[in-house]
Every structure is written in C-alpha cells, then in structure tokens.
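These notes open a run of structures that come right after.
Below are two complexes that have chain A in common, paired first with chain B and then with chain C.
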Partner chain A sequence: MLNNSVESEKKMAEVETALNSDGPIIQAKDVSVFYGEKQALFDVNLDFEKNQVTSLIGPSGCGKSTFLRCINRMNDLVDIARVKGEIIIANQDIYAKDVDVVALRAHVGMVFQKPNPFPKSIYDNVAYGPRIHKTVSTKDEMDYVVERSLKRAGLWDEVSDRLDQPGNGLSGGQQQRLCIARAIAIEPQVVLMDEPCSALDPIATAVVEELIDELRERFTIIIVTHSMQQAARVSQKTAFFHLGNLVEHGDTDQIFTNPQDDRTENYITGRIG
Partner chain B sequence: MSDFQSKFAVGVNPFARQSKGFGNAAIMFVLIACSCVAILVTVGIVMSLIFETIRFFEQVPILDFLFGTHWSPQTALTADVVGSSGAFGAVPLITGTLLISFIAMCIATPLGLASAVYLAEFAGPKVRSFAKPLLEMLAGIPSVVYGFFAALTIAPFIRNSGSAAGFDISSESALAAGIAMGIMVVPLVSSLSDDVINSVPQSLRDASLGLGATHAETVRKVVLPAAVPGIAGSLLLATSSAIGETMIVVMAAGLAANLTLNPFEAVTTVTVQIVTLLTGDQEFDSAKTLSAFALGLFLFVITLALNVIALKIVNHFKEQYD
Partner chain C sequence: MTNPFSTEAAGLQGRHNAETIFKLSGLTAIVCAIGFLVFMVGSIAWTGSGALRESHVQLSIDLGPEKVDPSNVEAASYQTIVRDALKERFPEVTNRRDRRKLYGLLSPDAALELEQYVLDNPSVVGGVADIWLLASDDLDIYLKGDVKTELDESRRKFSDLEIGLADSLVQEGQTRRQFNTRFFTNGDSREPELAGILSSLIGSFFSLLVCFVISFPMGVCAAIYLEEFAKKNRVSEFIEVNINNLAAVPSIVFGLLGLAIFLNFFGLPRSSPLVGGMVLALMTLPTIIIASRAALRAVPPSIREAALGIGASKIQTTFHHVAPLALPGMLTGAIVGMARALGETAPLLMIGMVAFIADVPKGILDSATALPVQIFLWADAPQRAFEEKTSAAIIVLLLFLVLMNLLAVLLRRKFERRF
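And now, the complex of A and B:
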C-alpha cells in the first residue's frame, strides 16, 4: 500500500517533469477512429507544441472534432467508437490499459461548442472541478481559485458582485467564458476547444479570441474551428483535415499563404467545403 | 408573363374564399362535439358535487365536518337513539388518508427513484429493454389485485411477525395497505423520473465528465440536482394517485375511523368511507349519504391542487432546457 503510493507519487512527478520539459507535449501516432464499421479517421500523425494554439480546420465531417475528442478520451462515451493508435501525453500513452480517464481529463480540459454551464451558481460552476478532484481544501483557497480562474477568463469584473447567481443567467458570450473559467480552474496543461465561438455573436467571439491568446501563456490550446479567419487570428499552428485524413499541418502563416496541398488551397480559398 | 396572367385573371380576386365542401365542416363538428362531451361531463360532476355538498352543509355545520374528530355516520340513521344527529368529523378520515399515503410514499420514493436512476443512467440498452417494460407491467396490475395481495399476504405477514415479537397487531393495518399502495405507485414514480432524468441535456453530462468527474459523481452532482424539480413533480403526482386509491384500502386497512398515527392500527380513508356510505340501498336525502359528496369534493380539491402544482413544476422544468 505504502509502496504503491510512493510509486504513484513517483509517476506523478515523472509526468510533471515531462509536462514541464521542452518538446512536443502531445504526440498522436497513427490514430484511427472507427464508428462501428465506418472509419472516421485514418492514421493521423500530429505533434502539438507546448504553449501554442493549434487550429484544426476542415469541412464538416472531416474528423477534426473526432480527433479532438480522442485527446481526452471523450470518445469513450460513444459506445460504438473504437480508437486505434497511440496518443502520447508526457511520455504516457493515454490509451494504455492502466490509464484513468478521470486523471487524464484533469490534465486535458475541454470547452464545448455550445456554452453548457451547470444550473448552479457562478461560483459553484467554477468550483466544480477543484471540488471533484479535491485540489483545494479550505474555503479561502477555493475563493482564491475561483477568483483567479474568473480573472484569467476575463469574466471577473463582470460577475464579481453576483457570484451566487445562476450561471445560466449570463449572456451567451459570458457563459462560454464561464465554461472556460471552469475548465482552467483545475489547472490542466492542455485545453481542448470544440468550436467555442460557433454559438456566439461577433463581439463575444472577439472577446473569447483575445482570451485564447492570453491563455496560451499557461496552457497548450487545441481549437477546432469552422472559421478560417479565426484560425488565422488565434493560432500559431494549423492542421487541415479532409475526409478523415490529415492533409497538411504546419505554421498557420505558411498554411494560409503557401499551402503545399491542392486540397488545402481549395479549402482555404473557398472552392471546397 | 402569360402564366402570371392565366393564374390571376383580371377582375377576379385571387384570394377569394372558396367553398371547402361539407366534409371539413362535418369533421370539425364531430371533433368539437366529442371534446365538449368530456368537458361537460367534468363540469357536471363538479357541479353535482358542489350542490350536494351545499345540501349536506345545511344539515351539518361545515366546521364540525372539517374539524370534528369523531366519524360515525351510522348513528344518524336511527332517529330514536340518543345523539341521533350522528358525527361527521372528517379529521380521522383525513389523518388515515395521509398516514397511508405517507407510508406508500416512504416505500415508493426510494424504490422508484433508485430504479429510475439505474434505468436512465447505468443500465445498458439490453437490460433497459426488458427491465423497463417489466417495471411498467406493475402499473398494469388492477388495484383490486394489489388489494387482496395486501389483505391476504402482507397483512398476515405483519401480524405474524408482530405476534412473534410479542406485539398485538390487528389483521387490518395502515402499514399493510401503505406497503401495497407504495408498490403500486413505484412504476409511476420511476417512469416519470426516468423521463425527467433523460431530459437533462447531454451537454451537462459532457461538461462534468470532461472536467474529470466519474459517472457516479456526474449523476450525483449534476444530473440529479438538475432533475430535482421534475422529480418533485413526479412524487406529487404519485401522492395524489395514492390519496385517491380505494380498493387496496377497503380490503387491507379496515373501516374503523380511528384517529391515530400508529401504522399498526386499523384506519380508514376518505375513499373507503365514500364506498361504504354509498354501497347498498340508500336514501339520498339523509346527512349520511350526502356526507359522501362532501368527502368527494374534499378529495377532488386536494388531488386537483396536487396535480396542478405537480404539472406546473414539471412544465417549468421542461421550459428551462428547451
């Protein structure tokens, strides 16, 4: 028992050092996804750099969201989904048998397409993750974590005087920033965002995009987006998916100014998709 | 251009009302007539309840009825007996009704909720496909069957285990009726709660799971709190059906109007008294028979209020997530 906890602590320390070292934080190796008989993703190989924003772009049904959901194993929730290949985060294959998805998702947070705050107070929404993972022990500490998360999500000034009010009462853009605050309250290393602005108006979108750029300092961000302007604005790296294949990836500037593949060029110039 | 002209001939109003034929009007008439029957019958029943109740209160003061603690309508028949006015205090009936409904809900709430949570959240599609119809089959059993199940199985069991422990328990008890009634409303609670839990949006579950909560934590901290108003509504509906239930109580709870909260004693309920007051040949102007209408109206008001509150809660909950 004692041995076990020492070992797990050792493993945690290993993970921490791996996460803090240089080099790619996430490596996807030959990732394929099947929904029943149908293959949705074909042998994707892709590395993600630390503290960078990577955009996944491509037409609807190209597998970009499927790939994103592989990174924190949300595809486990789909009964018929099957994942082949390896995704290595901090030297660990997250599809290995001994991986606990609960611990994985504490390191790899997620923000969804539609803002989905819990029907609880703003405070309880942000405090949900820390309470689940018991990373915070005292009330003062929790107050501090909630305040820090809301500040990082750029929402503190708007809600600091009504933390006890329900999160659903906020506007759409505020709700999405609340969801971002909720995701970063447990200090994940990676934040996955699945079209986080598709339900927001242009002004709220601009606010969230600005926020994404600020969050890059602390977190590695992978964002799925339908808007190529958004990809160009917020990301340093871009990966283009088409029909389940990773067609091309590289620096955002290069992808948008000098694409190597015809399909990429056709997509970003609006000829397909 | 020519098309346009042919469709809209000069001088003719193209939007003029055209005859829709006899069929349309006939169908409309039949539909309206059918719905009117249901509405008129309801209005008629409520009216007769109200008028007969008013006649009853001309003979018995309303305060005696609402707050009297003694119920023995039989004495009212024999005019030569001393105290022939009878006693129409409804309090023992109401406490009996509430006691049995309370016992029923104590049984039905945990059983119904637990099975709803299991069916909605944890059961695989295979288990669900046979467990849900099986559970709903309970709702198809006639209440008279529950009644003799209560009278012939549950009540003797309670009396025997009581006498083994040295207690003297009558063979007709509130507990026996309450248990049978509780089992009867389990499918109501579970299928309504199941619907409510299923209507909690998947996005909330995703959010919780995406933060690294386990499935059990997600159910406990997100799904159930979000479903609480709807669950409360389903419990209220179950309560009102328990209050209105008759057969089980007639067979298992007894006729003695005891004012007691002891579940091992025989009690009687509003519905049972209505049955006994109106079975057999009766004269329809005595206070005894008229009191049945007062009881009926009383029951109607209570269950109607519970149903309205329950539906309000359930609807409010639905709107929140649509």
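And now, the complex of A and C:
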C-alpha cells in the first residue's frame, strides 16, 4: 500500500513535468466512438497546444461534444459508449488500463452546457474539489483557494459578501462563472467547456468570453460552441467537425478566412448546419 | 350576415356536448367518491364515539370496621363489600338468579377499583361513603340508549329486571357518564368496558420500529446500488421486474414466508414485534426501493456530471450529492410504506400476533398484537359493546395513517428542491 502510494506520487510528479513541458499537451490519435452499433466519431486525429483556446465547431450531432467528453472520459458514464484509439495527455494514454478517471479529471476539468452548481453554498461549491482531492489542509488555505478561484472566475466582487448563500440563487451567468471557479479550484491543466454560454444571455456571454481569454494564461482550454462568432472571438485554434469526422483544423483566422474544405466553407457561411 | 364565430357554427355543438358530458360524468364520479368517504368515516366516527364515554354507578358503600379492618385495609374482601352494597341498594332482589343479574350491573373490575380507591383515600374507612364504580358493558349500552326495549325479553340480553334496576339508578341520579381514559391506557380485555388499545398500539409501534430499522437502510442501499452503480443489463432488468412484482404480492404471502423462515427455521419468538416487524419489512422493502429509485432518478444528471467532472469518485458523487438530494423522496416513500405496514393485518396473523394479549409489551421480544389485528379481534368478539370499541380503534388507526401521510407531505414540501 505504502509502496503503491510512493509509486503513484512518482507518477504524479512525472505527469506534472510532462504537463509543464512544451509541445502539444493533448494528442488524439485515431479516436473513434461508438454508441452501441452506431459510430459517432471516425478516426479523429487532433493535437492541442498548451495555453491556447481551441474551439470545436460543427452542426448539431457532428460529434464535437462526444469528442470533448472523451478527453476527460465523461463518456464512461454512458453504458453503451465505446472509445477506440488513444488520447495522450502528458505522454500517457488516458484510456490505458491503469488510468484512474478520478486522477485524470483532477487534471482535466470540465464546465457544462447548463450551469450546474451544487445545491450548496457558494463557498462549498468552490471548496468541494480541493476538499475531495485533499489539495488543501487548513481552513485558511481553503479560504485562500476559494477566494483565488472566485477572483480568477471574475465572480469574487459580486459574491464575496455572501459566500454562505446557495449557489443556485445566483443569476445564470454568475452560476456559470461559479462552475468555472469550481473547475479551476483544483488547478487542472486543461479545462473543457461544453457550450458554456448556450444558456446565457448576450451580456453574461460577453463576461464569460472575456474570462475565457484571461484563463488562457494558466490553462489550456477546449471549448465546444455552436456560435461561430464566439469561436472567432475566443479561440486561437479551431477544429471543424461534420458527421463524426474531423474535417479541418488550424488557426482560427485561417479557418474563418480561408477554409480549405468545401464543407467548412459551407458551414461558416451558413449554407449547412 | 351570419357570424362565422357564432356558437351555432357547424359541428361545434357536438363538440361542446361531448365536453359537457365528460365534465359532468367526471364531477359525478368525484361527488360519489367523496360521498362514500364521508359516509364511511362518518358512520365509523358515530359508532366509535360511544367508546370514548363510559358509565359509572354511584353506590353508598359500607366500609365500617366489620367490613374493612382499618389496620389491614388490603385484607378486606371488596367483592363482597360491593355486592353487599348492591343488595342494600336493591333489597327487593332476592332470587339467586336475579341477584347474579344485579351483580352484573357492575364491571368485574369494580371491586378492584374500590380497593384502589380505599387505598388512595384511607379516610373513608370506618364509615359509609358514596363511591362511583364502573358499570358493566351491558348497563353501559343500555344507558347509552342502544338497547331495543321494544323487543321481546327473550330476544335481548338486557332483561326487564335489569332495565328496571337501571331505570331506578337513573332516577336517583346514581349514574353518570364520563370520558373513557381506560380505552387509551388499558390493554385488551375480555370485558369490553375494560378493553383498551394501549397494548396493541405499543405492539404496532415496536413492529413499525423494527420494520423501519430494517427496511429503510436496506431499501435505500439497494436502490442506490441499482440506480447508481449496477450496470444496466439483463440481470439488473430481471431484478427490477421482480422488485416491481414483489410490491404487488399479497401481504399474506409474506406472512407465510415469515412463518416458515423466521419462526420455523430461525426459531425467533412467536407473536413478537421483532418477527412482525421483519415480516412487515419484507413487505415494505419493494415499496421503499421503488420510491427511492424514483427519488434518485429525479436528481438531475447535471449534478452527477458536475461532481464527476471535478474528479469526485462514484461513491463521493453518490453520497455527497445525489443521495442527500434524493433523501426527502426516499423518506416520503418510506413513510408511505410504513403507513401501509401499520394497516397490515394478514401477515401478522400468520406469525401469531393474533393472540389475546392483555399486557403492554415491554420490548420487541414480548408477545404483542398490532392495532389492525386488535380491530380484527374485537370485530370478531361476541359482546355487543365491542362494536363501538372496534370503530374507535379504527378511528385511532385512521388518525395515525393520516398523521403519517401528512408528515410525508410536509417533508416533501419542506425539502423539495427545484432544479
């Protein structure tokens, strides 16, 4: 048992160094996803750079959310889902047998489409991650982590005087920023966002987009979005999915101004999708 | 010009008629249902209210030194004292058979009551005192006006002689009626005027306690496992179908199962609330599992995703987030299940909780009976006076059922969350 923990600590250290080195932080190799008999994703190969925002765009049902959920293995929750291929984070295939999803998700956080704060206080929402991963030990440290996370999520000024109020009592945009604060409280390397603004009004969306840009300094962000304008605004890289295939990926400017594939062009000009 | 929107427009009349007929039939159904309910509860309450009053007879009782030794009060024969007092009050009754009827006007417990009274009030010893004593069930019924005096004497239990004696007592103002506390503080008895529901109430309480302690944790754990952890495959489907089927199994079957396993195989004490509670737990378990699963399913998946997304393990997700949110629903289901168990008679008959139990059980291993079984026993008893006791016990049972369901509703209101 002791041996094990020493080994796992060693491994963690390895992961940390690998994560901090340069080069692509995530590499997807021939990733295919099946829901039962139906194949939803076909041999996707895609690299993600560190400290960049990558947008996954495409029409509904094109597999972009499915792909995003492969990166922190949320697809494990779907009984009939089956993933083929490799996703390599920090030189480690996350679909290998010895990978614990709990440890993986501590490094790859996620923000969902609908704001889903826990029905607990704002403080407890943010503190939950550090608490279960035991990354902080004292109350003061926890206070600090909560404050830092809320500040990074741009929510501190609005809620600092009511941390003990329930998180569901906030407005939609505030709730989503609370969810972001919750995700970054455990200092993941990667933050996955699944249409984080689709349930928000334009003003709240603008705040969250601004926040995403700021978060890029510390985290690698992958965002699924339906709004091409949003992709153009927040991301440096864009990948276009269509019918389960990765059609094209590259710098956002290039995708939007000079797409190589007809399907991409048709999509961004509004002819399909 | 005709109005195109007029109610006489083609085809509209038929549709309106259909709607009116449907509304009317629905309304009739509801009125009928409410009528039946009011009639049922009303008639039970009417009959049962009688059991809440008891009759007393006043006698002047000679407690002189030749009857009660002041230095040894307990040694006196109070039975004789009471009978002497009756004989003195009605000197005209001389015949042996008539005397017996005379003595029958008072409850067999009257002597004991007198002794208690004398022990509590030692000052009455040595003189003649006017003391109120409990009337027998037959006199009580007559005083409540429930004896059909117009019937031929041979067709009623309360004879003309007794009617004469009773009327004389009433004329002299030597009868009174008061609230019957005995009904709530006594156990069962062969004498209707002494019978109470306390022993069966306590028996029911112990049984339900055992039932809850067993079925709630087990049901909740089973539901959590099936809903959150078990893979959805043939086996879990099979289990689910069977749980749903078990909820519909007649309760007497569970009684037979309890008889075979708990009593005959494990040799647990017969008639005890322990076994009763275990049998009721078997019966309640499917209900609790089904309700708990529904409560767990009502917790939005986004909460699970949120917890799993920041790296909570499955068990942390379940016990930190999902189960607490589902708990009110689970408790509601459990209370509804308990309410059903409280009203259950058949399985308890099978394991011997139908015995005549006069003593209040002191623990889950004592012999006991349950409230619905007590009702069954009283309904079966030959004495007229048990009729009103039966109804009164039913009222108590209904009251507890209403209270439990009310508690369930309140819990749901208080803790229900909207997502």
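Here, the second predicted complex is superposed on the first by the 270 of 273 C-alpha atoms of A that agree within 3 Å, B and C clash if a C-alpha of one lies under 4 Å from a C-alpha of the other, contacts with A are read in each partner's own complex, and residues count from 1 in each chain.
One rule holds in what follows: a residue touches a chain if its C-beta (ideal position, glycine included) is under 8 Å from a C-beta of that chain, and two chains touch if they have at least 3 such contacts.
Everything numeric here is computed off the predicted structure, so don't read it as measured data.
**Student:** Aligned on chain A, chain B and chain C: do they clash or fit?
**Tutor:** clash
**Student:** Please indicate which partner A:Phe112 is in contact with in the superposed arrangement: first for chain B, second for chain C, both, or neither.
**Tutor:** Both partners, chain B and chain C.
**Student:** Let me test your reading of the model: by the given contact rule, A:Val146 touches which partner, first (chain B), second (chain C), both or neither?
**Tutor:** Neither: A:Val146 stays clear of chain B and chain C.
**Student:** Taking the superposition on A as described, I'd like to know which of chain B and chain C A:Ile255 touches: first, second, both or neither.
**Tutor:** Touch status of A:Ile255: no partner.
**Student:** Looking at A:Cys179, would you say it contacts chain B, chain C, both, or neither? Reply first, second, both or neither.
**Tutor:** Both partners, chain B and chain C.
**Student:** Is A:Ile132 touching the first partner chain B, the second partner chain C, both, or neither of them?
**Tutor:** A:Ile132 contacts both chain B and chain C.
**Student:** May I ask you to decide whether A:Val234 touches chain B, chain C, both, or neither, giving the answer as first, second, both or neither?
**Tutor:** neither
**Student:** Of the listed stretches 79-87, 115-123 or 133-141, mark the one in chain C with C-alpha atoms clashing against chain B.
**Tutor:** Clashing stretch of chain C against chain B: 133-141.
**Student:** Name the residues of chain A shared by its contacts with chain B and its contacts with chain C.
**Tutor:** Shared contact residues on chain A (touching chain B in one complex, chain C in the other): 72, 74, 77, 101-106, 109-110, 112, 114, 116-119, 128-129, 132-133, 179, 182-183, 186.
**Student:** Going by the contact rule set out above, which residues of chain A touch chain B in the complex?
**Tutor:** 72, 74, 77, 101-106, 109-110, 112, 114, 116-120, 128-129, 132-133, 168, 179, 182-183, 186
**Student:** Tell me, which parts of chain A touch chain C in their complex?
**Tutor:** 72, 74, 77, 79, 101-106, 109-112, 114, 116-119, 128-129, 132-133, 179, 182-183, 185-186
**Student:** In their shared complex, at which residues does chain C touch chain A?
**Tutor:** Of all residues in chain C, those touching chain A are 231-232, 300, 302-313, 316, 320-321, 325, 417.
**Student:** For chain B, which residues count as touching chain A in their complex?
**Tutor:** Chain B reaches chain A through residues 201, 203-204, 206-214, 217, 221-222, 225-226, 320.
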